[in-house]
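There are two complexes below, and they share chain A, which is joined by chain B in the first and by chain C in the second.
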Partner chain A sequence: MSDTAQATAKAPVRSGASGLDRVPPRVLSAAVGIAVLALWELLARTVYAGSYRLSPPTLVVVDFFEYRDLYLRNLWHSTKTAAWGFLWGNLAAIALAGVASIIPVLRRSIGAVALTIFCLPFIAVAPILRLITGPGNGTPITLSALAVFFTTYVAALLGFDTAPGSALDVVRSFGRGRLAAFRRVRLRASVPAMIAGLQIAAPAAFLGAVVGEFTGARSGLGILTVRALGALHTERIWVIALMSTIVATGGYMVIGALGRWLCPWAPALDVGAVPAARQEPGLLNRLAALLAPIIVVFVFWYAFLWVFQIKPFFAKTPLDVWAELFTNADAAETRSSVFGALGTTMWTTSLGYVAGLIGAVVTAVVFVLIPWLERALMPIAVALRSIPIIVTTPVIILFVGRGLLTTTAIVAVMSFFPTLVNCYAAMNRTPEGILDVLRSYDAGSAAHVRNAYLPTAVPALLASARIAVPTSLLGATVAEWLATGDGIGAVMVIAFTRNDYNVLWVSVAVLTLVAVIGYWLVAALELRTLERMAPGTSR
Partner chain B sequence: MARRGAPVDVVGVGRTFALGGGEVEALRGLDMHVPAGGFTALIGPSGCGKSTALRLVAGLDAPDEGTIDMDGASPDQMRRGQRIGVAFQDPSLLPWRTVSTNIRLALELVGRRHDTKAVSDLIELVGLQGFEKARPAQLSGGMRQRVAIARSLVTEPDLLLLDEPFGALDALTRQQLNDELQRIWTARGTTTILVTHSIPEAVYVADEVLVMSPRPGRVVAHHGIDFERPRTRELLLTDRFHAEVEAVSASLHRSEGQVVQLDTDPS
Partner chain C sequence: MAPNQFSRRRFIGRTAAGAGLILGGGRVLTACGDDEAAAPTTTAAPATTAAPTTTAAPTTTAAPALTEANFQLSWFDSVQFGGSYIAHQRGYYERFGLDVSLVPGGPGVSPDAAVAADQALVGISAANFTGQSVADGAPFKIVGVAMQKNPFVIASLSDNPINEPKDLEGTKLGMAFNNQLDLELLSELNGVDISKIEVITSDYDPAPLVNGEVDSLLCWLTDLPVAMTVQGIDNTTMLFADFGYAVHSQTLICTEDSLANKRDQVIGLLKGDILGWQEYRTDTDAAAQLTVDLFPDAGFDLEAQKLQASEQLKIMFSADTDEHGFLWFTDESVQDNIRTLAALGVDVTADLWDRSLLEEIYADGPVLS
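The block that comes next holds the complex of A and B.
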């Protein structure tokens, strides 16, 4: 069995163990793609015939052409919305990353705001934003901008930080300060990381736009989906999901190609796999690190309410949230409904995440051991990873039905592809020397997996998990809001329809807090692991 | 001390790699013989195929032509029989394991996981007592290399293959480890092949130094080194040591001149 492991990493050309190793990857991928389409058509026409769950691809195409004006009009609308969100969100993120780079004192606070934004349950933020922006396109554009903000901020800051120290020293040796260093060195050095960030921002912007439209809009794919879901118009939901996938993935690919054209020397960078930032030592530093972001977030909260002058009926301050949870007459009732629902959401989300994780790790191991399978399927996995799965939630709702399993299935699908891609990439980076040592004792596949591939993948798994905490909770709440009637998503949609803004704000605040804490717990675990396993790789 | 281990016979070995559309001939007509329990050093210009030769002997790669025989077994059979120990320039330790569990890895792989005495003996032999629980990141380069050597020896292999194990270390540590290596080899008597860039290192530790030509590599000179053992650092200062180093050095320079000859006359 070690022959297969050997073929993975080293490729003496002669060792074509399997005939499939010689087939070009494109041909393999195309063959797999056609096979999947055929199976889909077959299942839809037999097992799922007349069940609303699955439309055969042929009917989906027919439906698209029948209603193409409607589809293309709404697609254009959502794409335009996403483009505006992409522009504003990225501009803000890059500008703030620049500020954080030039004025390091502000770094932690800006980072905290960025993370908090990333952890917001967008689906429930939409109705609150609509109070400010009115019924038009403002809410989807804002959500789209918020959806790209964090990842672009992280990528831009990473780019500014990777500027070569010697070049920075040259600028300093001429007596110039941080601003000059930023303009002349850091900005230029950040281009590859920035493009990697913008690449994942493209599907994220589309996701933000569609999620914004889910809760109400005059046009766009989001509202079209919600109507189709109500009417059980199966083909329409599939058409929309496929169009969203193509546009979002297209944006991802175009920016990727742009990056390879602009800086062909730069290695591919995966923002989803960037290690967590290191903490400064010392109790006082840690206390400041904990308190400063909390204070900043609260200041932002009050500033938000004050700037937009929202009526007190809609606007809730941190104190209002506290009162609703602990001191109001109905506090106990609020607590039991919010925390009970939160428990359900966290349970179904964790279950889904773990299922996706196990699936991804097992698949990555299979890919490492059977190279031709990897060459056939990995390009598909890489393409699917860039899809904003949340946008395709309605398809999953149709297929799985409306129940607790829906949330679990969506979170599992969401976590599967990024984890698989990061995990495989990490396993593939297992040092050649370690593999040689294992081979020199004729170690089998199991020993390779246990002693080399799995441990090497752990840091990448944790980096993926950290990002997955907020995104999984977002996926879960979208599913609950749209379909399942369970969990905190359902509590929020009920509060929204009853104009119970107290419960809506409480839910948003609690969910955001849970996501932030989850993010930090995984980050702490990741740092400890990195210190043990690969010192010097944390940032 | 009774010599043990397998003799190594390499006859007419050639190996060509495909590289970006073209081909690189790493080895052509490589012959070498290492007697059972012998210590042979392989030296040659950069890129002459020394490491390729060692990988072929280790069974990590297969030759395109020629044969490698060890007491009737092929390198692949030796590897599958788990009778080979290897150590490379990069110590290739598992960063998540401690010193003793890194050494134990080799025992686990050959199905002798419970032989704790072998591990503690080796830790003593390479002088790492007190560091059993340390992780690779906490060790110096020289200490990591000791762990790698201990790991390669713990299974009591019939053949020890060392690919520039001390190449990345400073001169002082390197000399220290050469002394250790000699001591270990004297104590264990395993057939050993050492690939190195350093002529004094080769002359100091080996019974025989083989000089290779530039790519495509083959052995162009044999130097038997018959200094009595144990060799000590005083030897480094003697005229006969310098004479031997000079001789190997001259062979190496002659071999580098041969690249022209080989290119114009492919016989």
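The block that comes next holds the complex of A and C.
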């Protein structure tokens, strides 16, 4: 068992390489792709004809070529913004991971700030950033940088940590310190992990850039989507969704290829499947582990307000948030509106979250059992997991309409694809020994699934589930904003349009806290499970 | 590059020589240049050939130094702000010593916040938002009202029309979630039982109405109905303003501090804007064309912009503005607004409005020249 858990730390995403290789995977994928397109064309021309919902692929292609310059200019604008955010966010993340690696005492605090940033609800942060950066491209770039920060930080730190002990020993035996070890060994050893982090950062940066455009831009795909919705330009919505998918997936693949070229010896790795950090034993340590990050986050909060000198009308301190929740005259009203909405959000989000995870495991099992299906569909799944939520939301609205189901569907989609990819990769690495035993007993598929595949996938499932907590809440708030008008996403938007900064900050604080706690809970579950299943493998 | 820089890239020293000066580069600039060459008032043919700084030197020395000012628009660019684009294009703001940047808004931009944070000298808001901000302690004044009538409408398909609020009972209405209070007020003012209206969240998108998922949409007179008409879908609109809902929209706001210390700049901006809108009114098609040319990345449909531009006249100009001038607001309309806002849960007094700037601007009559 310990083999498998160990292996999850370097989960290869193998898109379609199993035993039966009669039909090349590309051909299968192409066949499935063509079938999907044909069905799409048929539906669009019959059931959905004249509905302003589903455009036939042929018309989408025609529209792209008709307005090619327009599309490419806007695509270029969004991509450029995302690229700057990608650069700055990753540089900051790698630098801080370096600091955390060299000065281990700071690790927990830096990690807490990174996680908090990851859990911030974008849609409420964007207008606050706009007040600091002013009009222009500052907000989109910053959002884009924030979007990539956490995952790259985790990946880089993992890379630094997994440096070979023998090489570190050599540095130590020469009497050199941590800095030399970092420079000579850890930095180089971290390249594969870092590449894996950058891979998932590419689509995230794109999402940040597109959300950022809503704070007032003249170009970009996000704005073009909103305009197209209002003008009944259905083809345009589909063109934008497809272009975004291609660019985000393209970024993912190019960086992956770069990684394979830079370090061909290293196995592919998925940061979504990195186990949670282990806790130190002892009550005092646990207390410190709990309090230090909280204190650091509060210090960071005050520092943020102080550094940017935000006017008190907009800037709310932790004390203001406390007062708005508990001591102000309208505290009861704030509590009921914020927590009532939070309840709605958590309910729809959990439904989608659980549905996405279960769907992912089931699909992974089906893929393991029916390899040709995997070879045909997995490349599509890998592509779909990098679609930016903001451009898919209109497409999902087209299908499921606008209601609580929309939020659930979007959250399910967001948690489904990464989990599927990670779980399948883990199942695919089930140790031959276990399978041999099952085969020798002539066990059927069900027994294989129960005794080999599912247990093997547990660590990957838990790691994916942990990362999916903040991303699900992010997806939910975006859906609530753009589609359903329910939940905490709507409360934040109303607070913002009415310039009610107290409620806005309260919502941000509460939602971030919920995401962090959710993350911690899954991490705790993960640690417990790993300790039981494979003692000593968690970091 | 940063979108807000587009105005700084060029300014026209119209008062001095009528020669254009263009700084920087980029697509927006090219569009401006082309249009400008077509403009009758300028002798700026050479300006399109990227204006070497040397020829411009006499212009800049002759003209007084321009003060930079941001004008925060309330939404993405469109002909909704056509008069301001004209003012910018023709150099009307420069006439009054200002280098104005027209800053686009969007779902993530609060013009009130931008003004309060000193990121804009003047912003475009609406009386309900500004009233709320002021109630929360922000130091704003409304100094001009561009939309005399509130643009909210109930839009329906013409074969199943909603002609008056009472028709809403027993139907499905699609609207953005933050319009709940507005619907409640409209219902209350017109004796409609709101519990008989089934509300479905929908925003920015006419498709639910066209597809028959809802019977009507709460939207602006100038956005979704225009899109439907351009697509050949017959629709009926019912203005909130015709049924007792009095909320000034597209209001120009600035801080009390600016009123006290930058009064000349605010007046200059208003004057430039008024000149632009006066011209807009005489030829809305030209305003639409200008908008399409200025913002090639928006992918505008010229017909839609033209229709929006002319529809907008209905709510921006009235007998009051003919009598007193564009942006004017009467004491009576202020009182109506105070009553409506109170019903919306926003308590304001007439102090929210300050007409002294307009009174000064229109001292010689309702048309600025």
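Here is the rule we go by: the second predicted complex is superposed on the first by the 511 of 539 C-alpha atoms of A that agree within 3 Å, B and C clash if a C-alpha of one lies under 4 Å from a C-alpha of the other, contacts with A are read in each partner's own complex, and residues count from 1 in each chain.
Definition applied: a residue touches a chain if its C-beta (ideal position, glycine included) is under 8 Å from a C-beta of that chain, and two chains touch if they have at least 3 such contacts.
If you're wondering where the values come from, they're calculated on a predicted model, not measured in any experiment.
Novice: Should A:325 be classified as contacting the first partner (chain B), the second (chain C), both, or neither?
Specialist: Neither: A:325 stays clear of chain B and chain C.
Novice: In the superposed arrangement, does A:440 touch chain B (first), chain C (second), both or neither?
Specialist: A:440: touches chain B, not chain C.
Novice: Under the stated touch criterion, which partner chain does A:451 make contact with: chain B (first), chain C (second), both, or neither?
Specialist: A:451: touches chain B, not chain C.
Novice: Who touches more of chain A, chain B or chain C?
Specialist: C
Novice: Touching A:497, do we find chain B (first), chain C (second), both, or neither?
Specialist: second
Novice: Identify the partner contact of A:460: answer first if only chain B is touched, second if only chain C is, both if each is, neither if none is.
Specialist: neither
Novice: Report, in rising order, the residues of chain A that make contact with chain B in one complex and with chain C in the other.
Specialist: In chain A, no position sits in both the chain B and chain C interfaces.
Novice: Which chain A residues qualify as touching chain B in the complex?
Specialist: That would be residues 10, 12-14, 431, 433-434, 436-443, 447, 451-452, 455, 532-535 of chain A.
Novice: Can you list the residues on chain A that touch chain C in the complex?
Specialist: Against chain C, chain A makes touches at 51-53, 67, 70, 73-74, 77, 123, 126-127, 130-131, 134-139, 211-220, 223-224, 226-234, 236, 310-311, 313-314, 397-398, 401-403, 481-486, 490, 493-494, 496-500.
Novice: Using the touch definition from the top, list the residues of chain C that touch chain A in their complex.
Specialist: 1-6, 27-28, 70, 72, 76-77, 101, 103-110, 112-114, 116-117, 119, 129, 132-133, 136-138, 176-178, 200-208, 210-211, 213, 223-224, 227-228, 230-231, 295-299, 301, 304
Novice: In their shared complex, at which residues does chain B touch chain A?
Specialist: 17-18, 55, 58-62, 64, 79-82, 84-86, 88, 90-92, 94-96, 105-106, 108-110, 135, 137, 151, 155
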